[in-house]
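Take this structure first; my questions come after.
Labels run A, B, C and D following the written order; every chain starts at residue 1.
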Amino acid sequence: MKIGILTSGGDCPGLNAVIRGVVLKGTTTYGLEFVGIRDGWRGVVDADFFPLTRHEVKGLSKVGGTILGTSRTNPYEGPRGGAENIAKNLERHGIDGIIAIGGEGTLAAAKRLYDDGINVLGVPKTIDNDLRATDYSFGFDTAVNIATDAMDRLRTTGDSHQRCMVAEVMGRHVGWIALHSGMASGAHVICIPEVPMTIDEICTLVTSAYDRGRAPLVVVSEGFTLTGMEEAYSDKGLDAFNRPRLGGISEVLAPEIERITGIETRSTVLGHIQRGGSPSGFDRVLATRLGLHASDAIVDLAWGQMVAMRGTDIVRVPFAEALGELNTVPLSRYEEAAALFG
Amino acid sequence: MKIGILTSGGDCPGLNAVIRGVVLKGTTTYGLEFVGIRDGWRGVVDADFFPLTRHEVKGLSKVGGTILGTSRTNPYEGPRGGAENIAKNLERHGIDGIIAIGGEGTLAAAKRLYDDGINVLGVPKTIDNDLRATDYSFGFDTAVNIATDAMDRLRTTGDSHQRCMVAEVMGRHVGWIALHSGMASGAHVICIPEVPMTIDEICTLVTSAYDRGRAPLVVVSEGFTLTGMEEAYSDKGLDAFNRPRLGGISEVLAPEIERITGIETRSTVLGHIQRGGSPSGFDRVLATRLGLHASDAIVDLAWGQMVAMRGTDIVRVPFAEALGELNTVPLSRYEEAAALFG
Amino acid sequence: MKIGILTSGGDCPGLNAVIRGVVLKGTTTYGLEFVGIRDGWRGVVDADFFPLTRHEVKGLSKVGGTILGTSRTNPYEGPRGGAENIAKNLERHGIDGIIAIGGEGTLAAAKRLYDDGINVLGVPKTIDNDLRATDYSFGFDTAVNIATDAMDRLRTTGDSHQRCMVAEVMGRHVGWIALHSGMASGAHVICIPEVPMTIDEICTLVTSAYDRGRAPLVVVSEGFTLTGMEEAYSDKGLDAFNRPRLGGISEVLAPEIERITGIETRSTVLGHIQRGGSPSGFDRVLATRLGLHASDAIVDLAWGQMVAMRGTDIVRVPFAEALGELNTVPLSRYEEAAALFG
Amino acid sequence: MKIGILTSGGDCPGLNAVIRGVVLKGTTTYGLEFVGIRDGWRGVVDADFFPLTRHEVKGLSKVGGTILGTSRTNPYEGPRGGAENIAKNLERHGIDGIIAIGGEGTLAAAKRLYDDGINVLGVPKTIDNDLRATDYSFGFDTAVNIATDAMDRLRTTGDSHQRCMVAEVMGRHVGWIALHSGMASGAHVICIPEVPMTIDEICTLVTSAYDRGRAPLVVVSEGFTLTGMEEAYSDKGLDAFNRPRLGGISEVLAPEIERITGIETRSTVLGHIQRGGSPSGFDRVLATRLGLHASDAIVDLAWGQMVAMRGTDIVRVPFAEALGELNTVPLSRYEEAAALFG
């Protein structure tokens, strides 16, 4: 069998470890042949393939990024897109199936292609930890470590200057990175998309920490929306158009916190450093195991499924079950963390 | 209620985060009072207690070691030991129960004290990941990260000199640290206590990697025993007395690998650096959550149990179920990793 | 003798190591007595002093921030400011002299106080490396390491997505952090305050790197000004008022680079994480040595001077020589680095 | 001109950054042609050359080890060795000169070859910082950071168990790594080859730290020799033959300290992890600059010299001046650090 591998969507530490795991086990144990697909679904649509042997994957478990490149191309768009064209491309190159490593969008496309008759196996990739079918996916642990390390640094500055520090982390729809890095670094407030808060609630916690002699640390997901923010803006004569001009949510929060509490406040947007670089030990092991099990699944012809982590096991989950609702932070987990706030 | 907290056995990153989690939630949510017990069971026996308020635990989530001190004292030994004496000590100081943070030995003592009528709650601590009742315990992830980082470094030296590098990691009875750090760093051989190997099996894998142009990396648990080693020693006219003089198992393996394969080989014993220092994000979150749930369990009077991680949840497990067999590496997990060796 | 110590201006890794070095040597070798002065010159003006013994400074060599607190107070401002009031404060508390750890502004104030008859010794502190009297000061090496590590991470994302990444680092008036971290991480363009560049010059280098198959990395000091930027803005109908609203210089550069080159471009502002946290080995050694020599200088009554690094030696430099011109990046050093751009 | 590059002697972080610096500047600025020489002088003797273009050196500034391989071959040994044979090899392959990156031994060979008429330029490489001609060489800063990080970890274990920790670092003939990492981590005793100490002197410092409530940290260079050790051994009925069997010097010190002071003591040999892996920012900048200046020196035909760091400048030093005496730790620097011991 000849199998194509692609990585799609945002960069994530561990992608290369998955690729290595698939190829090493597939070639040495099962005698499979692999081709790399360049830049996600774009390479499928454009038939941009290249041979992928164990030589190409050597030493990759520790290397960040993806040697295959990635893109946000939708395989159903464009003149060369669609299941029929893709099936022809694969047939012409003798490719029997595809391993698609990606997040919610990638896997939804994978499911649709599978439903349209193409052999696709999924590997979940989400730095935000927003996929419900897997306990964790690789990249999340690395991101939490990077964010935690950054906050350890911010705290010393906060302490020295008796300032409030606001740190904005990734998480457009779910607050896992904020929850874990905030818990790990001893944040006094954690603001996540799942839990609405007003600026006054935040300021009460900030002031309480300050009054106990601490330099308040506020950790906020990029996707957090302040309750009443629209109104606050219109009160200040600013409209929706102005808002993105002010930058991320942390850059909205910091001046408001300073204004209301009177405590000098600074914001930092961690940004892209959270998703690059060498993966943590946890992520390397998880990604490698997902890759190894993806090779097993290929041999079992388990198309239309994805490999996933449950407890300490790697299992298979049908696409139909895996997708749909996002893995949001349950209120119980937020309240657990909130017991540390005040 | 007034609760004593102790840490017992070897140092482990995350101990302070547990203490902080217990005390913060216990004081602010439940109004509990805490005392620190110095140096594990020794402090119980000697009634060496001191007040532990939220002030003492501030900033501790990132701090390695234990502010309580630790020892390997057995609470049933010595003239002041035994359940009766301990019960009197606790009563005299108005202590209603003890949270014991420790490994197999500590928890066995905790169980015995509980069976003898003392209120004890356990928190599992094992850097080796050898406790069956919890999916993971804090400290293990940090140790894997440290070992993985060290092996990334060893590999560049191996590659530059075309040498075989042997790295010895912790794991007296179980091979989890070797398995995970070996998998994470792309080891060509992993030797763990659970899986017997002969020197010839090891050398075959070393030579195979070398012949593919790689600098072989051998990761070995300190508790690994080479099959046929006794005989090998007597062949060389060495007796049992000499063996410990040669240092750890890696220092036995390295010269043998060099002799048999002809490949220059160096060994490194990672040693104590694996168990010290600031915990990883994963371990800080896990340890903090165990601490928070320990406070809940105290309020529920869930004595005779320990808090543990199952999947992504924190649960309670009775001592009777938690102890006994060690959490060894299952053969399936070893074989999974071994698919990467050759 | 009784000596006060203060830290003033922005947080910087190594401040605590200086304090520890001063106090340990001063107490054990010379029998000096120390008081900590809270929050820089504010504490001098407000007579906010506390005893500083070797107990207070234990374990501080690795701790980021400053246990003394810091502020940007000018000792000559306010009703309680000025040399006369300060002299009275010091006399009333029996303080014979002050060690002031700070940057250009702090040291200028120190010089003025010294000229007005107060015993002051300076220790240079500049994360930007902008002081001419010392080869390096502590904090700079740590900042370069943090920035370099961040860029290693950004590069994997750039490579995976074939994007141009723009990283903004500290450096308001001098480009040392950009120069060193850019050189260390293999940047394709480095933009510093000392060297004017047009957007077209930058884009030529970006395109050239891209055409060689690299994901271009642009490192820019916060203080860099684009030649012709004013004109560019007015061409787009934006005025000076809008500019700060767009955030840092990297947030100006990134969309311009994308627009001109057609290469997808993302920016990251490293911000406060560059100045917090545990110091590097180099900075701990340098800071500790400056502290030790500051104690020696006190005993020699070398008031009106600062300790500084020259080659591998610690020397003394009179305030009069130390201040004035900033330590800008010489053109030769920039051209040296620019040989790597294309 | 066609230039060969070799790396010789022990692995050292920054070797690849030098190679990259030489090749990038040499090709783009000067139009030089380069060949890589495999495994140090062995490749010169065996004429083991391969083309080295800017493509081969891309991304190397952060990569540990050396892409050229290294060995400890002496170019004057063996049937194909000697200046005459080497000159023929170079001529046959059209190689006009050699850049030799290495330590004292490598540079001594380089000097002899230069004296025998071969064009050689040196780049100093010494992780131990034992070369007198350069203020620092690359690799040393990285080693100090790794050792310092390890000691931060050891200290938490020492503190938790109230143990004395003995850490053995590299440094066969000079104590720079011990001096700097010991100073950086707040060691209570530093033992270096340059300064003789008796076990009683060490134990006095250990006990003094312990009595102040500290967990004593002893940092020792591998090349340190205990005054009176021979006698101590013969007192215990051990002979010289037994000594190496006991492992490194730390493994000699630890049990003696424990025996004499009664304080539980553990030793750790940091070993090979100190010389591998990604270089620090400082080392990347220094190594890159040495590489850039080596290219300049080639164009200037500055054969028989080495590039070196003096203050913040890169200079040229004739071999004749560069070699000979090692760069030992001056007593003044040791005494400076010793002020922190007690």
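Quick note on the criterion: a residue touches a chain if its C-beta (ideal position, glycine included) is under 8 Å from a C-beta of that chain, and two chains touch if they have at least 3 such contacts.
It should be emphasised that the depicted structure is a prediction, and the values quoted were computed from it without experimental measurement.
Undergrad: According to the touch definition, list the chains common to the neighbour sets of subunit C and subunit D.
TA: Intersection of subunit C and subunit D contact lists gives nothing.
Undergrad: Taking a step as a move to a touching chain, how many steps at least join subunit B to subunit C?
TA: Graph distance in the chain contact network comes out at 2.
Undergrad: Which chain's centre, taken as the mean of its Cα atoms, is farthest from the centre of subunit A?
TA: In terms of C-alpha centroids, the chain at the greatest distance from subunit A is D.
Undergrad: Between subunit B and subunit D, tell me the centre distance in angstrom, where each centre is the average of that chain's C-alpha atoms.
TA: Here subunit B and subunit D have centroids separated by 34 Å.
Undergrad: Taking the mean of the C-alpha atoms as each chain's centre, how many Å separate subunit A from subunit D?
TA: 41
Undergrad: Between subunit A and subunit B, tell me the centre distance in angstrom, where each centre is the average of that chain's C-alpha atoms.
TA: Distance between chain centres, rounded to whole Å: 30 Å.
Undergrad: Tell me, which residues of subunit C touch at least two other chains?
TA: If we look for residues of subunit C contacting two or more partner chains, we find 152.
Undergrad: What is the complete set of touching chain pairs?
TA: Result of the pairwise touch check is A-B, A-C, B-D, C-D.
Undergrad: Taking the touch rule as given, give the residues of subunit A at its contact with subunit B in the complex, in rising order.
TA: 20-21, 24-25, 28-29, 58-59, 61-62, 135-136, 141, 144-145, 147-148, 152, 155, 180-181, 183-186, 214, 278, 280-282, 284-285, 288-289, 292, 310-312, 336, 339-340, 342
Undergrad: Given the complex with subunit A, which residues does subunit C contribute to the contact?
TA: These residues of subunit C touch subunit A: 7, 11, 13, 15, 39, 63-66, 69-71, 146, 149-150, 152-157, 159-162, 165, 245-247, 251, 266, 268-273, 275-277.
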